[in-house]
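By written order: A, B, C and D. Residues from 1 in each chain.
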Amino acid sequence: MSVKIREYRGTPYSRKDLEEGRVPAFRDKPRARYAWACGPAMGRFLAELKEGRIIGRRCRRCGRVLVPPRMFCEWCFRPTDEWVYIRDTGTVLTFSASYLGPAAERLKEPIIIAVIQLDGASPGIGILHKLGEVKQEEVHVGMRVKAVWKPPEEREGAITDILYFKPIREGQGGGE
Amino acid sequence: MASVKRRVAVIGAGITLFRRRMRETGRELSFYAAKMALETAGITIRDVDAVVCGSAPDAFDGVHMKGEYLLDGMGGHNKPYVRVYVGGGTGVFTPIAAWWHVASGHFDVVLAIAEEKMSSCHPHPQKAFTTIFDPIYTRPLGPNLVWIFALEMQRYMSVHGVKKEQIALISVKNKRNALDHPCAQLPAKITVQDVLNSEVMVWPVQRLDISPPSDGAAAVVLAAEHIAKRLTDDPVWIEGVGWCLDSTYWTNRDLYYPKYVEYAARMAYKMAGIKNPPKEIDVAEPYDPFDYKEAHHAEGLMLARKGEYLKGIKDEDDIFARYGRDGDLPICPSGGLLGVGNPIAAAGLMKVCEIFWQLRGEAGKRQVKNDPRTGVAQAWGDLMQVGTVIVMRA
Amino acid sequence: MERRVAIVGVGYSGFAPQTADVSYKELMFEAATRAYEDAGIDPRRDVNSFITCAEDYWEGFSIFDEFVPDQLGAVLKPTCTVSADGLYGLVNAVMQIQSGLFDVVVVEAHSKASDILTYDDLLRFAMDPIYTRPLGWHAYALAGLEMARYLYDTGALEEHCAMVVEKNKANALLNPLASYGAKVSMDDVMASRPLFSPLKELDVAPLADGCVVMVLAAEEVARRLTDMPIWVLGMGWASESISPEIRDWCRAIYAELASQMAYDMAGITSPAKEVDLLEVDDRFSYKELQHVEALGICAYGEACRLLEEGIFDRDGDLPVNPSGGSLGVGNLLEASGLFRALEVVLQLRGEAGRHQVPDAEVGLAQCWRGLPTASGAVIILGVEREVGA
Amino acid sequence: MSLERPRLPHEIRHWFGDMECDYVYTLGIAGEKFYAGLKEGRIIGSKCPSCGAIWVPPSLYCPECFEETSEWVEVPDEGTVYTFTVAYVGPDGEPLEEPEVYALIVLDGANGGLLHKLGEVRPEEAYIGMRVKAVWAPEGERKGAITDIKYFRPVE
């Protein structure tokens, strides 16, 4: 480091110091609550999920079908043109297995997650979701998968209306 | 396009210890770093015309509009002061914004400071990290931050056939380099086996593949040419700046390669007149919050071809021979985020400080052996999305 | 010394208390599309850099720029957040151009305040957690304290502040972008619910949604793009510590420093004579008077007399907030200042419609970052004329 | 849905969520001095070695000179009302049953002072320039919080 500098400052403490009161601190939590307007693109996407369908938007200029849908094409900078239903089958582009839950808690059984290119969306256009009914070591890039939906009466118009994607085993078909 | 006419130099740098938890408030940490930067530049706050703040999400420190909260600790009281922000890319972006403050001709001396106090979010910043995801189509899946890195790492490995054993060598190198950094939080002499045996977080990411959350601050002083030459015999010139942001929809692009880093690097190299990066750059600090990221980013910086950063590297000797301090091209001689710690914005600015010290020959035990003239620092952030690059010359 | 920079395109969308039918993405896309159309440019081809102005807790998620490039046409381009009002974005865009790095830069700022359910607590969460938050006060208490000291020092009356509300809400009636235009009398304001004396309910600007996008260009490009460039003649910005205990509570030092910097750049020595209209922050009624004084238009204590004389009316000698201000248009969060710049651009172009101010050649827009801050920016815009000095 | 209107009013939707985390804020070097002082019934300021100003509440550095504080000094718990407001609403905007008086009290000899409540005074009696003094919580009840001062009361 700069040969001129003699002292680097800062006073570390441990979690225990805090919990045992050696480091005085105030606690607080904001009330930071929101009702985000979904807008036409996400609003329709969620409404279709409730019906057990996945929908995207097509830009006629570049021809791409985009999921999640948006009302504008980021490449052409113009409004997208039409709604397109996407199939609920697809191909794993990349995956991983999480031993961490949302609050960094440790999990015994990992959550397997993947970016999945859905059939009917343009090449490379994937969505993030979970995989199920499969072991971590069986998953591979290029694996074919299909959505497993919640029963219709339990769907609420959310990305979680799809429980997970499961592998399409040999002979099971599942899309084309 | 017009061209840049005013030269801007870095003339001082400061940094605090990086630690998991610090007693000081974010303002106080900022003060330590700012004060050290001013002192090493040989000036006082009265000589500073404007202040640029860099800090990552408000949800870490737990203060809304935290730039405003931090400002008097950054010396911004009664001065032009602004906070810039590009997620994890902020640390390198802060001096870029300070650069345009000076290069525009409006100011002669500008202080750039980056701060993060991640320990405020208790017990762990993970919950704050989840707020970076889209609330409608991602957050309901219960993501944690490591997910996206794991998906990217997997894609990188699978496209190029890179092995985890190779990637782990980056962690070995950087943590070992950090043994010589007086501010380092997690310096260590570890082996590849230690990395591979460490707890699996989100496969293929294991504990020792990851840099730790930290508290800390860093600062640099920038000055216009006529001031810099008056104050120091060793100004370090900012010769290239670049930044680039890719689409929100990270699941809609191939994660194997950070095109946005390449674009940012091209912008900075063009400005600096660099045509052959691996030949013309003597020392580099690519952003390494995870070990594979160093490889990913070095490729984006065009210091290696796509997928070839670790080509032919099989063991510790190989990686130190190639990227060690006396290697072919020293990479992360500071110890990087993996070794020094990752107080997000401050970590990026720590890399700029390191290049400054390396180019001045003031890096002490960490000094690289190739008498460096040109260095590059880079940071990355958002949803696998933004690259920020700065090229400096002695 | 610097390259001259002009605003060559403006666009806006929203401007309503609620925009429930669109998300911030469609809101931004519409404003951006209008701005690019106004400038006659294709953002994918012609724009070098983009700046969005946002704060995370207003949006409800962290790192707002993650969610920005697509709807601005900014994908794979230099794009960043300036965590401040849109006017700060504007001054950074000017510096980016003047550095020689870029020729065309776009600035965006917006408010999606209608997405926020807990605005009061977010303001509280902006206060110093060690010294200020533990008091357990609503942030508006700071405005009440400041207003009281301001009135005490200047001799202005509560009624003067009420007159500001009356004027601005009346101006807003003529502005199609204003959400809160109304015929409200001084007496109505005086009779409104007390919050933190002397601050009353009608002294406070209500929230609104809206988005503003501007295209800035270096002189040589600006002349190619438009016959009516609006030049950036001066700009400045400054902050005081957020600690309320050590601030001056009568004077708005941040606005004094920011405007002095802007006047120096523009070569303006007598702003009251050389500026034709002012758009200043009035999120609390007294702030308009305080800001006008801080901008050096008159001494502290004189703004209330000039207000009484009608100088600041839309048809007065120096119109202040002809748009209707925040009191009439709504509190647009980080778009508050950029909206003021938009108003000045429209006025200087002669495109302000029914609230047009006659013969305006130089206009000033000022922002304050709102409670609990003491930060703000100033920009001075003008139609074709020589820059001073 | 209809051809004329892509969405009907009842199809407009909001997604509800939050960004709420738990935070701990260490008091910092200056904050620790200040709150430890309150617990002892003393108000602590920080003295700038350069300009000599005594800042209250204390700071690790002088915000004007940016010099590090060399000395922590006790200031009187008596001062002058610089400004005050009568609060009719609480932190959530809910009406208060009884209005309260909030003030900024500039403490004698200090730059700055404390934001606090006024007590033993009716709202209409408060005025700028009024002399006030801290009323402390009993020693055993003080815990290093701003409420260790109950309020400031008028003095003759």
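Just so we're on the same page, a contact is a pair of C-beta atoms (placed from the backbone, for glycine too) under 8 Å apart; a residue touches a chain by one contact, two chains touch by 3 or more.
For clarity, every value in this text was computed on a predicted model and none was experimentally measured.
**Student:** Once you count every C-beta pair in contact for both, which comes out on top, B-C or C-D?
**Tutor:** Output for the comparison: B-C.
**Student:** On a CA-centroid basis, which chain has its centre farthest from chain D's?
**Tutor:** Centre of mass proxy via C-alpha means gives A as farthest from chain D.
**Student:** List the centre-to-centre spacing of chain B and chain C in whole Å, with centres computed as mean CA coordinates.
**Tutor:** 34
**Student:** Distance-wise, how many Å sit between the C-alpha centres of chain A and chain B, to the nearest whole number?
**Tutor:** 27
**Student:** Whole-Å distance, chain A centre to chain D centre, using C-alpha means?
**Tutor:** Chain centroid spacing, chain A to chain D, equals 43 Å.
**Student:** Of all the residues in chain C, which ones touch at least 2 other chains?
**Tutor:** 20-21, 56-57, 60-62, 69-70, 75, 115, 121-122, 124-125, 129-130, 134, 241, 243
**Student:** Going by the touch rule set out above, which residues of chain A reach two or more other chains?
**Tutor:** 11, 13, 18, 23, 26-28, 30-38, 40, 42, 46, 70, 74
**Student:** Note the residues in chain D that touch 2 or more other chains, in rising order.
**Tutor:** Within chain D, residues 7, 12, 14-15, 17-19, 21-29, 31-32, 59, 63 contact more than one other chain.
**Student:** Given which chains touch which, is the overall layout a line, a ring, a star, complete, or other?
**Tutor:** complete
**Student:** Residues of chain A touching chain D in their complex?
**Tutor:** Against chain D, the touching part of chain A is residues 11, 13, 18, 23-38, 40, 42-44, 46-47, 157.
**Student:** Once bound in the complex, which stretches of chain C touch chain A?
**Tutor:** My answer: residues 19-26, 29, 33, 36, 42-44, 57, 60, 69-71, 73, 75, 112, 114-118, 121-122, 124-125, 129-130, 133-134.
**Student:** Touching residues of chain D toward chain C in the complex: what are they?
**Tutor:** Touching chain C: residues 7, 12, 14, 17-19, 23, 25, 27-28, 31, 34, 55-57, 59, 63, 82-93, 102-104, 111-116, 123, 128, 145-147 of chain D.
**Student:** Touching residues of chain C toward chain B in the complex: what are they?
**Tutor:** 1-3, 48, 50, 55-57, 60-63, 65-70, 74-84, 88, 92, 94-103, 122-123, 125-126, 128-130, 218, 236-243, 253, 257-258, 261, 265, 369, 372-373, 375
**Student:** Where on chain C does chain D make contact in their complex?
**Tutor:** 20-21, 56-57, 60-62, 115, 120-121, 124, 129-132, 134-138, 140-141, 144-149, 152, 193-199, 241, 243-246, 249
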